[in-house]
Amino acid sequence: MNKYLFYPGCSMESSGKAYGDSIHAIVEPLDLDFEEIDDWNCCGATEYLGINLIPAYSLIARNLALAAKQMNGTHTVVAPCSACYLNLAKADYYMQERPTLGEKVNEALAAGDLQYKPGTLDVRHLIDILVYDVGLEKIRSKVVRPLHGLKVVPYMGCMLPRPDYQHRWSDHEHPTELDDLLRALGADVIDYPLTTECCGGHMTQIGPETAFELIRRLIADADERGAHLMATVCPMCQMNIDAYQHETNGFFGTHYHMPVLFFTQLMGLAFGKEPDELGIGLELVSSRNALANIGIEVPITQEPAGPRKKDEGLPMPRRWTKHEGKEAVK
Amino acid sequence: MSDKRSSPVDKKLERVGVYVCHCGSNIAGTVDVVDVTKWAQEKLGHLGVVITREYKFMCSSLGQELIEKDIKELGLTRVVVAACSPHLHEKTFRTAAKNAGLNPYLVELASIREQVSWVHTDKAVATAKAKAVVAGAVSRVIENVALDEIKVPINPNTLIVGGGIAGIQSALEIANAGFHVYLVEREPSIGGHMAQFDKTFPTLDCSACILTPRMVEVGTHPNITLLTWSDVVNVSGYVGNFHVTINKKARFVNEELCTGCGICQEKCPKKVIDEVYEAGLGYRKAVYTPFAQAVPNFPVMDKENCTYFIKGTCKACEKFCPTGAIDFKQEDQLIHIDVGNIVLATGYDLFDARRVSNYGYGRLPNVFTSLEFERLSNAAGPTTGNIVLRDGKTTPKSVGIIHCVGSRDKNFNNYCSVICCMQGLKFAHLVHERTGATVYNFYIDMRTAYKAYDEFYQRVLEEGTLFVRGKVAEVTNAARYENEKGKLIIQVEDTLAGKQRRIPVDMVILSSGLQPRHDAKEVGKLFGISCSTDGWFTEKHPKLDPVATMTEGIYIVGCAQGPKDIPSSVAQGAAASARVLDKILQREVTLEPIKATVDQAKCSGCKICNGMCPFNAITFIADDNVSEINPALCQGCGTCVAACPAGAISGTGFSDAQIIAQIDGLLLRNLEPELA
Amino acid sequence: MTANTKPKFAMYWAASCGGCEIAVLNTHEKILDVDANFEVVFWPVAMDAKYKDVEAMEDGSILLTLFNGGIRNDENEHIAKLLRQKSKILVSFGSCACEGCIPGLANLSPVEEIVHTAFNTLTTDNPHEIYPRTTFDVPEGELHIPILSKVLRPLDQVVDVDYYMPGCPPESHQIAAVIDLVIKVVNGEAELPPKGSVIGVGNSTVCDECPRTRNVKMIKAFKRIQDIAPLDPTLCILEQGIPCNGPATRSGCNARCPQAGAQCIGCYGPAEGVMDYGARLITAFSSVIDATTPEEIDRILDGIPDPTGQVYRFNLAGSLLKASQSAWKVK
Amino acid sequence: MPHMTDERVRAGMTREEDLSLLHEVSMKTAGVSHLEMCIQCGTCGGSCPVAQAMDHTPRMLFAMLRAGMRDEVLRSNTMWLCVSCYHCVVRCPQEVHIADVMYTLKSMAIQAKLYTDSTAPDFSQTFIDMIKMFGRSYEMGLASRHYLRHFPLRLPGMLPMGYGMLTKGRMSMIPKKIKHMDQLKKIMARAKQLELTS
Amino acid sequence: MTENFEPTIIGFTCNWCSYRAADLAGTARMKYAPNVRLVRMMCSGRLDPTFVLRALSGGADGVMITGCHPGECHYIEQNYKALRRFLLLRRVLKGLGIEPERVKLVWASAAEGARFASETTAFVEEIRKLGPLAWGNPDHRPPTMEDIESSVVSRPPSEMEVIV
């Protein structure tokens, strides 16, 4: 169960290098075997779908076809980037839902001696594998330096839990996977209502003012809630919030300093890895001050608010989780 | 082998009359009725068609007289009417035949309106298809046999399951007519959801004020046996003769001795959140009556939470009970009753608003469900009627009421829950009246389609409630601007203004929809009735028979059949009672003679049919090594007929011979005598 | 030939295996009653006779003809028509004549394929691929062999039949009883049953005569008999998951096969009034399946490897569809 | 097929033609769009994080599609602002594939050359050009080409960022290229043909 | 030959759902292909495979069996029995060289007039693609709408044809 086909995506080698490095660092302690899909190409991000239909899906499907060829012992493709994950999952799903699309894409693939039968592969995101396959129990057992005292805002981003063709996530709006994982690392996880709000996506490139407003909402709310840093699962989110924070501050005349790290970097730290091994320091908004909180092992100063005493007010309903039966939180 | 062998030699020709209806231009507009008539005369004459006629409206009294006259004068032994669907006028023409002395089951309808003229456009093609349909009907009617209706005696007692307002109404109607009713309720008290409400729309009567007298009447009625804290566990038998087993759960309170004084509840040290009656917003004790006016007024002990049952000590209730009515040794008790009819009034469950996670219920404290708000605004509720936030003290200054929560949404329930619009308006009025807060109602479509409902909408408009047409996208506590801090922000597209709006409020009320009881499927199975895709019990006919079900003698009323408000539930309760009384007063019930029978000479006792019948109509007689079908239990589906490997089971109304003949006719294999 | 006042008797063997003839002889002494009460005028397997002799007989002069075998070629058809013409009572005798039987399974294949299989497969040593010809010129003139028809037909699809006597072969005790009856009729001591009756059979199906215990059947898997060891000797065979044709098959054989520990394969054909035997078995087998999803049902049905052969082993030629598409499509 | 002018739409032109636009959009969308099921509830417009900047909310756009207002729809900035966050998609009570419809409208607008601001289409095209050249995205090439053309004034403010990205190795001066570019090119060429014939 | 081919199809309907769906399609004036002629039964559980065989051997090119959705049977669960028979019947037909697609099972509730209409039209097209069945006689087309006008049904010629 621990072998997977791996689709890194373009950013893993460039803007999201820290993500790539930190994934590399945690794979081994968790007994995961990630086999990179040979000669994969860019998934087209959100750009191609808005130009042509068949070419866009053929571009994505080439990766699926290559992965299907490479299947041995596993039919699961792992993508760490939310946009790649969504594109791959989407192509697989729509080729089935609209058979004519599937036929045409396969006709195009045939020009390169490839073919893909939709439904052959399971396309999953890295955090899905970590939470549901590896399990929080195992992750907890690898923690040697708990992140006690580090106030983290879990930021899932939008393209991961939505549209969720295969019903993999606990919720579309307030999924708990990242919260649970960060909690397993010992971090103080802040309830972040904007966890699946958009970071602006490609708007930083084409409509910066719109994008700045979206970035502002995210960092302002995180700041308001006293976060030391944000943890993300997506290179695009990291890039937008990190690299454009300076410009956003300039645009609004604000002075936010909200570092944003990949959740895998935090996992690496908790597992006892060294910061430089995990790409820490590659972020433009420095996390040095934030991480000082673990470096000096600050004791837990603030207990999370305990259950409300009965006489204080009216009782709350129990919280809903779609995956009540699923082995997520042990 | 050849089928020649099975058909009797030289069967005497029947005398068949074929009547083709124009239905004004409904049929004649697309089908050449005159051509069909002539064709039937020419091509089907050898089968015994002696007269064919066309007429403007066959179902008119003149049309019927035409048939009656021909039956008498021409000695017709079979009649085919090519007109509309049998579901519309089969009865009409059967009655006409009966009036003329012909067995009504020797009449056959050929549907050339719903299945031909209304669904096709090409006249030639439609005419040709009409001919085939008529040919099928002629072949079939020749194989029809005269049938007699079946009569079964009726037990005058009635079982009503569910003690909400629909069940209460139904019970009282029957009991007042002088017949005995068993009313079974699974909660400790009758009253149902209505007992939880504060006010009822559109007149704003106090719910308890109008409900309590009815509850008391049920509790004291000499013709009603009230069994609360009880479940129906088994049902067998058939209309007029049901045998029912009821499990009366242990109350741990002796009903003979208990006076309902309430001391046990007062002394019980264990406080439990009341998830049922108080909708999770208040507390009760481990021994409790759900509310002050409960009927019956005997408490029940909640075994899961009682300290004595958990730890083995306490017994405070027993110590203080003045009459010694507490009985920790009480056990569940099975009660067997016989009844003639059953009314199911099992009600609804409230949609679980936590599922709409973008509305934040369960995450954001000041988001409330409709049922919570009912308790909040109820003078007998946990806040004695003060509308406050979840902190228990702050009065909201602004309130948003969201309609269609979980309803009209393919992600949840795809139907309209009917009551939510009026409920939302009622809440708006109550909030406005009690707190003076600014109230917003968010709706997709305002549905106020009954007497005095739209007037209530106008009244709420007049009171200054603000209406925003748009399905709310989300409720969030993530403030974007200064004025949003500390508030719940309702984000919505105001579709009439064409703009996205963010409206900060203190409190959000979700007008949650209704959904079928979580165990509706199992209950349906227990009583032998079915559920729709949505999960509501299926009525016999959605318009013309809304309280009866496919199983004779079983009726459905109130929200068990589908979402509805109090007036409609009451009307249905009464309607079902009228149907039950009708059955009781007839003393016997007439059943459609569509039944299966086993030819015992042919039956080999292979026991294949015995597993086929969901109504347990087929019994195996071990001594004779044959199976037998109880005609009163048989519902006439014909599954066993098709299943019998020996061809030993035959079914009336839809016999093999009839269906085969119809297939041959439809394929025009009957246009000339088959040559040997 | 001396004048004989005894009623005349004939028996003929068309497309069949000959088992029916053996079954008649297997009635032991009863066969002597036939001789005592009838004049045997035509019985190719038992005595020499020429078709010409039969052709010369007066129409209706034979009282009783037992015709076994299906109609597979023009010779069969000619004799069937001839015997119909000459006989008062024509009995369709045995499963082949009644419903096609095993030879009828050839109706699953086109006739060329049948000939090919017979003359050019591994088990046939035919290196020059010589096939029979229907006509052949010899110095003496032209020789003919019968021409195969494209499908095999039961007797009643070719001529009018008075009675049917199914079974592969009919049980000897049933044959003896029928012979007794006809002798009684001849002597005016009994009356013939109505024309078209099935004779020498029971009223019900095999289960009626089967002593095994039966319950309501719910089956999670169909198996073949060789896959179950040992079979419960007292429990219904179908209940043990083996497709047993007994529930749909006419009684009269005393449930021979189930009594011997094997499933009924259906040689007595359908029960009284049944239009299609296979349909009855389809409904019987599907009725005992304990599953509600198409996938699960399909999985269970996979346990019947040849459904068509299973339900039509004896009855294909006499069924509603009579033959397979490929047999019909032959030009 | 000639497009209806907006004047003709306002004059209430034939129903068949109106529906053809809705149908066309539906057919060009990946998956089953469910566009005809829209009940105009506004969930999409309410959910959209960028709705304030849109000419029309998505809901209005769907109403305009039904009305056959082709040019007005394709000139709208709505689809160009869509950030593909899928909030509207999971909340839509009628399961309309809103985000995918937006992609369709973008491609239709490009084809009809009806977009009012070329920034977005250019960015997409540049991005795709890089992929077609290398098989992978090339951020340096993309950024330099794109910013010089559309945001020359933003460049000074972005210098620290660009510098940081380069020095921290988060942006490469040299593009990465896949091994089988020939195969990818063949696939894309065939796909393009199929798009044209469909 | 299949271009002008108008299939003849027999449809079996359940009195409570699909027959009412057909009625509803009529009341709503939905248009669908005229090739299906309906037989009403009380339940899809009444469907005897004999009926299907009779229809196919009697000139029908396809058979449509309709019933309530699984779990919604008016007789509780009888449609599951129809499903089982249908699945075995299709296997037997396949053995006889009849394309299993010629017999189709469609679930349609009383409210699904539109579904009934669209499924009917779709099935007619599927059968049109398969071509005539012409059971027992490849040269003889089953009676079509036009043939009804002339109304003489030619019987299959003798099966006795010279071969080899």
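By letter and in written order, the chains are A, B, C, D and E; residue numbering begins at 1 in each of them.
Basically, a residue touches a chain if its C-beta (ideal position, glycine included) is under 8 Å from a C-beta of that chain, and two chains touch if they have at least 3 such contacts.
All figures in this text were calculated on a predicted structure; none of them were measured in a lab.
Q: Please give the intersection of the contact partners of chain C with those of chain E.
A: Chains touching both chain C and chain E: B.
Q: Using the touch definition from the top, how many steps at minimum link chain A to chain E?
A: 2
Q: Imagine chain B is absent, with all remaining chains left in place, and give the connected groups that result.
A: Apart from chain B, the chains cluster as A, D | C, E.
Q: Give, as an integer number of Å, the spacing between the C-alpha centres of chain C and chain B.
A: 55
Q: From the C-alpha centre of chain D to that of chain E, how far is it in Å?
A: So the centre of chain D lies 46 Å away from the centre of chain E.
Q: Please compute the C-alpha centroid of chain A, do the same for chain D, then give the distance between them in whole Å.
A: Averaging C-alpha atoms per chain gives centres 24 Å apart.
Q: Using the average of all C-alpha atoms in each chain as its centre, how far is it in Å between chain B and chain E?
A: Here the centre of chain E sits 32 Å away from the centre of chain B.
Q: Where in chain C do residues touch at least two different other chains?
A: Each of 275, 280, 283, 287 in chain C touches at least two other chains.
Q: Of all the residues in chain E, which ones touch at least 2 other chains?
A: Within chain E, the residues that touch at least two other chains are 48-50, 54, 77, 81, 85.
Q: Considering chain D alone, which of its residues make contact with at least two other chains?
A: Those would be 87, 90-91.
Q: Between which chains does touch occur?
A: Chain pairs that touch: A-B, A-D, B-C, B-D, B-E, C-E.
Q: Please name which positions on chain C make contact with chain E in the complex.
A: Touching chain E from chain C are residues 74, 77, 108, 111-112, 115, 131-134, 147-151, 153, 275-276, 278-280, 282-283, 285-287, 289, 291-292, 294, 297-298, 301, 304, 306-309, 311-312, 319-326, 328-331.
Q: Mind listing the chain A positions that touch chain D in their complex?
A: Where chain A meets chain D, its residues are 10-11, 13-18, 39-42, 44-55, 57-59, 62, 90, 93-94, 97-98, 101, 104-105, 107-114, 158-159, 162-164, 172-173, 196-198, 200-203, 205-208, 210, 214, 243-244, 246-247, 250, 281-282, 284.
Q: Chain A touches which residues of chain B in the complex?
A: Those in contact with chain A are residues 271, 273, 280-283, 352, 354-355, 357-358, 361-363, 365, 369, 376, 382-383, 389-393, 474, 476-480.
Q: Enumerate the contact residues on chain E facing chain B in the complex.
A: 8, 10, 16, 19-20, 22-23, 25-27, 29-32, 34, 37-43, 45-51, 54-55, 58-60, 68-69, 71-78, 81, 85, 109-111, 117, 142-143, 145-149, 151-153, 155
Q: Considering only the defined contacts, which chain A positions touch chain B in the complex?
A: 171-174, 193-194, 197, 217, 220-221, 224, 310, 312-320, 322
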